Amino acid sequence: MNFSKHWPIHLGLIAFIGLAMYPILWVVALAFSGSQDLTLANLPADPTQGDHLAAALPFPERWSLANFSGLMRDLPFLQWMGNSLIVSGLTTLAGIVIACPAAYAFSRFRFPGQRAGLFLFLVSQMYPVVVMLAPLYVIVSEWLRLGDSLWGLMLVYAATAAPFCVWMLKGYFDTIPIEIEESAIMDGVSRPRIFWEIVLPLARPAIAVTALFSFMTAWNEFILAAIFLENQDKYTAPVGLRFLVSDYTADWGYFAAGSILVSLPVAALFFALQKNLV
Amino acid sequence: MAIARAFSLILLMFLAACNAKERGSTEITLWHAYRGAEADALQAVVEIYNSANAARGVQVRTLPVPFDAYADKISAAVPRGRGPDLFLFAQDRLGGWAEAGQAVEPIGFLLEERHRSRFLPNMLEAMTYRGQVYGLPFNFKSLALIRNTALAPEAPTTSQELAAIARANTQAARGIYGLAFQYQNFDFQAALLNGFGGGALDERNRAILDRAENARAFELLLRWKDEDPKLPPEPSGALITSLFNSQRAAFVISGPWFFGEVAPEIAAAVSPLPTLDEAGGAPIRPWVFVEGVFIAQGSKNVDEAFAFADFLTGPDAAAVMAAQGRQLPANAEVYQRREIADDPVLAGFRQQLDSAVLIPNAAEMALVWAPGEQASRRILRKEAGPAAALADAQAALERSIADLRRPQP
Amino acid sequence: MTRFWIGAVIGLLLAFVGLAAQQMGAARQQAIAQSAENATKIALELASAIAEGQAPVTALTQSQGELPPGFRALAISAGARTVLAEINAGGDLAPPRRLTRDEKLYYDLAFGLATALAINVEEGARVRPEINVLAGREQIRAAAPFPRAEGGPGVVVVEGRPAPPSLPLSRSLLAFSAALVGFVLLGRFWPAGQGAKAVALARMFALAAAILGSISGAWVGVLTAAIGGYALALAIASGGVEQAGKTLLKHNFAYAAVSPALLALTLLSFFPMFYGFVLSLTDTTLFNLSQPLLDRFNGLANYGRILGDFQVTTASEGRTLINYGNFYWTLGVTLAWTLTNVTIGVSLGLGLALALNTQGLAFAGAYRTILLLPWAIPNYITALAWKGLFNPQFGAINQLLQAGGLEPVSWFDQFGTAFLTSLAANAWLSFPFMMVVSLGALQAVNREMYEAARLEGASAWRQFWSITLPAIRPALAPSVLLSAVWTFNMFNVIFLVSGGEPAGATEILITQAYRYGIEEYRYGYAAAYSIVIFGLLLLFGLVQAQAGKRAETAR
């Protein structure tokens, strides 16, 4: 190993990781503390610097799975996670399916409306979503009659994620040398086949990022899901998590436990896709 | 013959199937934002009703909605006829929905004498907007004085008594306070404003933030905070709970939800907020939030929905909500029952109700928070005197009320 | 010649259909309106007679003859829940009775109208209508209030079914034949050039239809149809549609590939945007939601009020205080927020990517996975976790400060520190994304160029500026642009971490719009606020696009 060769880089990275992991460790410690308090260590009335340091370290006084079991007992959290997985999976699929061809077209063809079309995708991100609640509700619930369904959510999420996916993929397609395709065209291969068999495999890293992004968009969203869905069995995990913190009371321990559960599938997905990322 | 018999059998089965479908066809949906014990109690009440009404084919289904999304969800779904049959909400949004129309069904017509006489004083008024009744009161919440009986065995009745006991229990340098509450929040401050005879809106919903009484209330708050007995800095809800649970706060001002967070080893008791010697002996008057059960306009089953609302606000349901859900029912009769009357927490908050005031249910109330909080910030940070800061807030509030209620053709 | 005929015939048919439909609708509407007006008149007369002291029975009896066939009239005391007097649809007088369960509506109407009267007295102006009229195809109902001393509000209701209208087909036919004659004559005698002919014809035809329409009174429908026909004829005649069709066919693959995404976007993004734009031109609040849109129209007044308010500070008792609700303050905060965030996000992301991209770095994969974790955690969790860390009493950050012997900081008490809390949370949230994008871009850089640079003795810094940055710029630019847009509209972090503390100082434009619209019911104003946000971002996007274009042409 050439660890010694790059030691300043390692040092810097490790320091940064320590900093970056600190909030996560707090959430983990809170989740396993078995209590609902934000504080892990009780400060005495006249705390010394050592006491403060102890309170700043993300270690609970005792370790317990009580928050996890309590969460599972009080709420159908696993079912909601399952719903989230379905919605996010479908969104990822839909996002890629609609974004890849569009991005390819924007990258490879010169056609009337190309520049404007690409810009439109950017423009769609500029109008704030929180003020679109009412019209979105009308469209999804009244017009499409998809209000109380995971399909309706998937549609909205896919449309939300599509602009980034298109831009990201277009940027990547631009870097793929066009000569490969030109020679294929010479050989009489059709456009769809070129796209499917040559371009897509080459664009794997960008597709991986796109997939992650679409997945995260759907996985994180709370307010639309809470407003659209009319049946408890269809709730998604973020909606469930929001039950734990309200104006009057907050069960921080449950919330932390839920946060970890919610983050695990995404972390797993990251892990699975990371070979493709670069 | 056999064919005829088979045919009639099929016909019978078909009819039975139709009938079953017919019978099971009335489903009443109820939306709420409860969780934990209160949600469990509500579910228990719903199940009692469902088993009693199964024969009639009426079933109630509940949908819990996260609090953060609740108002948005109702505002989006109900006016478009896609809402539930019933929903639970506090009265502070009622005026808004009534003014917008197509959200809450007026129910004055359905009320009978037994409904009108069923509730604690003022409860039905909270559900009444411009003469029309829109909901049945279910539970109420208000602030009261909560004390650690080990530190403060007796409940004070005047503000000077409170200050004296608090002073004796305060060592600010060591983080120990006799009195702690979220005094930076306008809804806590409002208890003092109301006590002095001021407030945010008058009975016709015009701004009255600049009344001299409000300035005097803030002066008292400043004195409590900085001189006597001294209040903790940056009082978040978490800090108040933590101070109380670590024996470092003798008194806190909070609501019934606070008892869900009190540590088991702490003996806590609740009593009405004291009278103000600074305001001629008038009581501190916290705002009461009354959670009502409302029928959504566009409900296909107004009668069945009302029947369930009737049951929900009756004494039997109220007993479950109080005992199991630790709620304060609006129903009056339930407080006669032994197990409720003997419960010191419920009785304490019930007693506070007598000197509390309803938070206005007008839409204008939504506009109060921003200027109110800005003024309180400036006063507490000593950027401006109470009178000047409140005059600014008054002007801002008047402007935004005029914007909201711009005269229509 | 065929093209000309097709265009002309389609345009004409369109106009005819529009005209006929309009005529039928107008006639029905007119019949209904007539009926409703009649009912209203009777209801008002009855109400004022009763208000002046006449007994309801007497008043109703006197008006017995005026009621149209099939209509009934009721005088109701809502408080007593009684029908005081009634003339039923048969024209007979019915005795007093209790309101039935089905008549809840009358009770609600009485209370609603009594409220309207009270508000009008309060405001000293007629801000609410003092009559309630329903003019439907199936039912017509007019309700007029009369104040009653005992038993609460009273109301007179006159209701019934409207008479079915006769269909005035004759007039439509007349319009059609007139247009047809004009068309045939013009078509026959117009000389030269197909395109010009069609254009002129369509013009004449539009004129004829408009004249006829204005005679018949239904000018809106006719005009619309005529303009539609005109445009269509023009398009076909000049070959525009065919041209468009050819373009579509030529680039069929491209258009087919783009359309699903664009369709989804149109429905779920652009339509709501359009809705918001329309709303922003009105003074819609909670109180006038039920009025027709046109009545709520107030032009650009909302924009004027937002952009025209320059009172960023007020002087109070010799001090200068900032008005945190002012648009320009919030805009400044938002710009500072976006700029700092994007700068931090990009430098952190790029820095980490460069470090991870070091050739032969051990554990690079492991580092990368760990560093991606903040992205894997939903942003509202991040936001709440950071809020907890900055908690003044229990937050780990203040504990660390105190462990180091420093004073704890009241983070949410001052603008600077409160801003810092949101900044920290958002930076933490956004660096993994920029890191991934940068890593991807760095892969594409040709390593041989570095070798060449090294041989020439260029420093690492120099290599970064002259090789790395230009090479990754095109891949990075869209992500930076998008992340700027997202940060500008980053609702969750601000809303959940600083919550606008202290007193709205750290509010950004989007949280402000939310407050006006959702929390304070000022829908039109909030919509205008959102459109302003949109406009600013659009401007930014256009400038960037121009810069991108220049860069592309320069290459």
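Letters A, B and C mark the chains as written, and numbering starts fresh at 1 in each.
Here, a residue touches a chain if its C-beta (ideal position, glycine included) is under 8 Å from a C-beta of that chain, and two chains touch if they have at least 3 such contacts.
The shown structure was predicted, so the numbers you read here are calculated from the model rather than taken from an experiment.
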item	value
Most central chain, Cα average position	C
Higher-contact pair (C-beta pairs counted), A-C versus B-C	A-C
CA centroid of chain A to CA centroid of chain B, Å	36
For chain A paired with chain C, centre-to-centre distance based on mean C-alpha positions, whole Å	27
For chain B paired with chain C, centre-to-centre distance based on mean C-alpha positions, whole Å	33
Contacts with two or more other chains, residues of chain B listed in rising order	72, 75, 238, 242
Residues within chain A bordering two or more other chains	38-39, 133-134, 222, 242
Interface hub residues of chain C, defined as touching at least two other chains	391, 394, 518
In the complex with chain A, residue positions of chain B that touch it	29, 33, 35-36, 63-69, 72-73, 75-77, 80, 82, 174-176, 238, 242, 246, 248, 255, 257, 260-261
Chain B-touching residues of chain A, taken from the complex the two chains share	36-39, 42, 45-46, 74, 133-134, 137-138, 141-142, 147, 222-223, 226-227, 230-232, 239, 242-244, 246-250
Residues of chain B that touch chain C when the two form their complex	71-72, 75, 96, 99-102, 106, 108-110, 130-132, 204, 233-234, 236, 238-239, 242, 303, 363, 366-367, 369-370, 373-374, 377-378, 381, 383-385, 388-389, 392, 396, 400, 403-409
Contact footprint of chain A on chain C as seen in their complex	247, 250-251, 253-258, 260-262, 264-265, 267-273, 275-276, 352, 355-356, 358, 360-363, 365, 367-382, 384-386, 388-389, 391, 394, 396-397, 399-400, 402-405, 428, 431, 436-437, 439-440, 443-444, 474-475, 478-479, 481-482, 485-486, 489, 491, 510, 513-514, 517-518, 526-527, 530, 533-534, 537-538, 541, 545
Chain A residues within the chain C interface of the complex	1-3, 5-6, 9-10, 12-13, 16-17, 20-24, 26-27, 38-39, 47, 49-50, 52-53, 55-56, 58, 97-99, 101-102, 104-106, 109, 111-112, 114, 117, 119-136, 139-140, 155-156, 158-160, 162-164, 166-168, 170-172, 174-175, 191-192, 205-206, 209, 216, 219-220, 222, 238, 241-242, 245, 252, 255, 259, 262-263, 266-267, 269-271, 274, 277-278
